[in-house]
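Quick one: this structure, given as structure tokens, is what I'll be asking you about.
By letter and in written order, the chains are A, B and C; residue numbering begins at 1 in each of them.
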């Protein structure tokens, strides 16, 4: 029932969805209680929902909100279906949150997208743009750039000379692509993301500190997403590569020559130092980091705040700083707590020994 | 004497203030020593001040700077009033630093603000702008945007479709407001701040990793200030809300569905993970962070570098990682130091036990 | 042989270099094995290099890559010169990596730079631009700005009123210079860097929280480089000064009134709180930080993740949080590990004492 074949008339005018309770129940294979003609147009949590909103009631602890909620329609689990509360129109479904996730796309506003190239955009004569590319106001696209079909280049962005962007790429406002950067298909750069900058490399030369000329590439493979204000450097003599499907949250930094595998996740504020290799499916928690020239095996997880300074085997979860296997880290913390409680007895014991 | 009713002729031409020593003394209720006609036009610390500058001498340890300072006028405390030094024109006041703070607004250059809409700004026909709104060069304001009276939209900014901005909002250059974001009155977004982005949520769908469609709002209430390059995500099914009067420093990240109370302070590099609830008046020190789905009570303080992984009661100060009550953290550190000093005696004791 | 006097015909058309193996050997004083007429046009690591690429083989552990590399020319050390492998044209040199560094500038693409002022740039009538200044599309330069000869102001940047930029300054796209900021010669601001913002200072005034008016300067001396999306605040009553030759990586924050010496290095995500003084040649590792009002002596090193809360003497290396001398930190970690191993024997000992 979640197929794309659902009749488009489910959507009202102006991009605003409007769905009946009966339709919601049908789409998620749920059991409807109450009025099947109730219309919902948006989604909101119980405490904020109004008569036009679809909401969800997933746990008894939210009962006080359910009791007084003004929501027009609520997804509930079997065991909560009979809970007392204002909302009388309910859809019973095994997993209300999963069901809600499957419905969200219906309610998401599709932002208006202009066709073609805004007259204020500055596009070099030598740039090659595929079919259906949108370039918004004040974007700057330099010479030799190639942009694949269907891409959408947001306002106030810059795409440096000789960069190549795949098809259906999305640059949000203010994103910057340095020259000669390579973005695969469906890559997303959020607002203020900066990719392809020369990395932080300096060499002493004749008594001066000179920038190390960077000649390596910065490559973001298909389906990579880069969060707001995140930064990815190009390689110095090697390449910086972000593997297909990898997602970065906001304010992440990836240094030069780092190679990241496919399907990795980097939470906000993660920093990866130069020349580190990261396997497929690795996950970094918020504010974690990794030193330079280390290797992190496929499927490893670095917990939030973890600081990696050496190699991490595939599949393991590491935490702390310096990071070590999470179980070992937990054992150490527990041992330290027990030692802390033994402090006074041990002091007494040593005092007695001194006397004797 | 600090009222706004002070005669405007205190200001010289070109936005540059010029005040006599007598005037300074009168404004802060201080006692003038030396020449009442000395004119000052700026503020500087003792070591950099010149004859046109007002300076301040707040502590004996700065005596060496005072001795040779070229400052035209110096605020001093009673006990330092007779210190030997070049500056002969002095104003004695109980708290020189507080007095200085109260004078600063006089010396601050008011940056020139153009009236109206710059011809290079791209403003959708459907946008509604209040009286006295300034839109600087190359700003982009999309369809359905509403901007309250007196707001100032800086250069190279983007305001996404259907966002609403209150009155006297200030967007500094390069700030980005994603579509459908709501900013209250007097909200300030510093340069490069990004608000209203879809958060870092992904769901597996038919063997692919798909973005979770975000339908929640991003709401910044009145008087919120967001620092340079800070990022605030919109909600997924809930809202992200930053309470009135809350201030964020630079490079802060607030994830989706987070609700922040009123009057909170976030220092630089703070990261808050998704769905966390933060009460009124909470303060986060620099580089601290907070995991997802936790609750921090009103008036709590998280020390610099603190990493919160569970609920924090109202009014408490927590520190460390994992964060715990600061006093407890201090006790543990002290206990560990004492244990460290006991290491050798304990080793000797155990060795003796083994022998016996 | 690395002098700038080398004949320019070494470069091919279109900014693309093309050099013979013989030329490479001569430039680095190396010994050529194989065909002197082999042409290389780029640089790549062994595993990615093609017949047109110069590569380097620096350690036996890369032997498997060397064995099958398609590189046209490889720099090798004396002891690896005879290693079996596909690449037959080799240059033997004492330090292949240093030799490579010296060659990189030849291979780096010089990005095209337009002459003069782009017609879409908005430049105030009162701004003064030196000879040979380039201003790219959609840059905004406000009144009273002075820009030295040879500077290059990138696309979508903003330079606030009355700022002064030295000669040969480079602003990358999206950089923002707040009003009255002072940049020395050859200063580089990478994409999205923000300098000169009023710092994070608030004062309670008549029951409201008011911004502290900032009247201090933000000064970046000659040859300072600021990474992508990094932020430097102006001073409140003092100045914020970044000393000559200091380099900041991406996502760094320097708060108000901080004075940084010459030749310092700040890795990514470093945060320095207000009014701290940092001597010459200080290095901060990634994700390290420093509290406010402390002094760090010249030549000190703060390790990655180090969190400084008190003064650090000149020349010392500190680590950990709270940071202390690195050797002491190591001793403490070692002592804790030994104590951890003693946990059970000590528990048994105490149990026996209780019984006796």
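What we mean here is this: contacts are C-beta pairs under 8 Å (C-beta built on N, C-alpha and C of every residue); 3 or more make two chains touch, one makes a residue touch a chain.
Quick caveat, the model's predicted, so the values are computed rather than measured.
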Rotation in the CA alignment of subunit A with subunit C, degrees, nearest 5: 120
Interface sides of subunit A and subunit B: same vs different residues, half threshold: different
Inter-chain centre distance, subunit A versus subunit B - centres from mean C-alpha coordinates, in Å: 26
Multi-chain contact residues (two or more partners), subunit B: 120, 138, 156, 174, 192, 229, 251, 269, 287, 336, 339, 346, 349
Interface residues, subunit A side, partner subunit C - complex: 120, 122, 138, 140, 142-143, 156-158, 160-162, 174, 176, 178-180, 192, 194, 197, 200, 202-203, 209, 211-216, 229, 231, 233, 236-239, 251, 253, 255, 269, 271, 273, 287, 289, 291, 307, 309, 321, 332, 335-336, 338-339, 342, 345-346, 349
Residues of subunit C touching subunit A in the complex: 42-45, 48, 56, 100-101, 104-105, 107-109, 111-112, 118, 120, 136-138, 154-156, 172-174, 190-192, 223, 225, 227-229, 245, 247, 249-251, 263, 265, 267-269, 286-287, 304-305, 336, 339-340, 343, 346-347, 349-350, 353
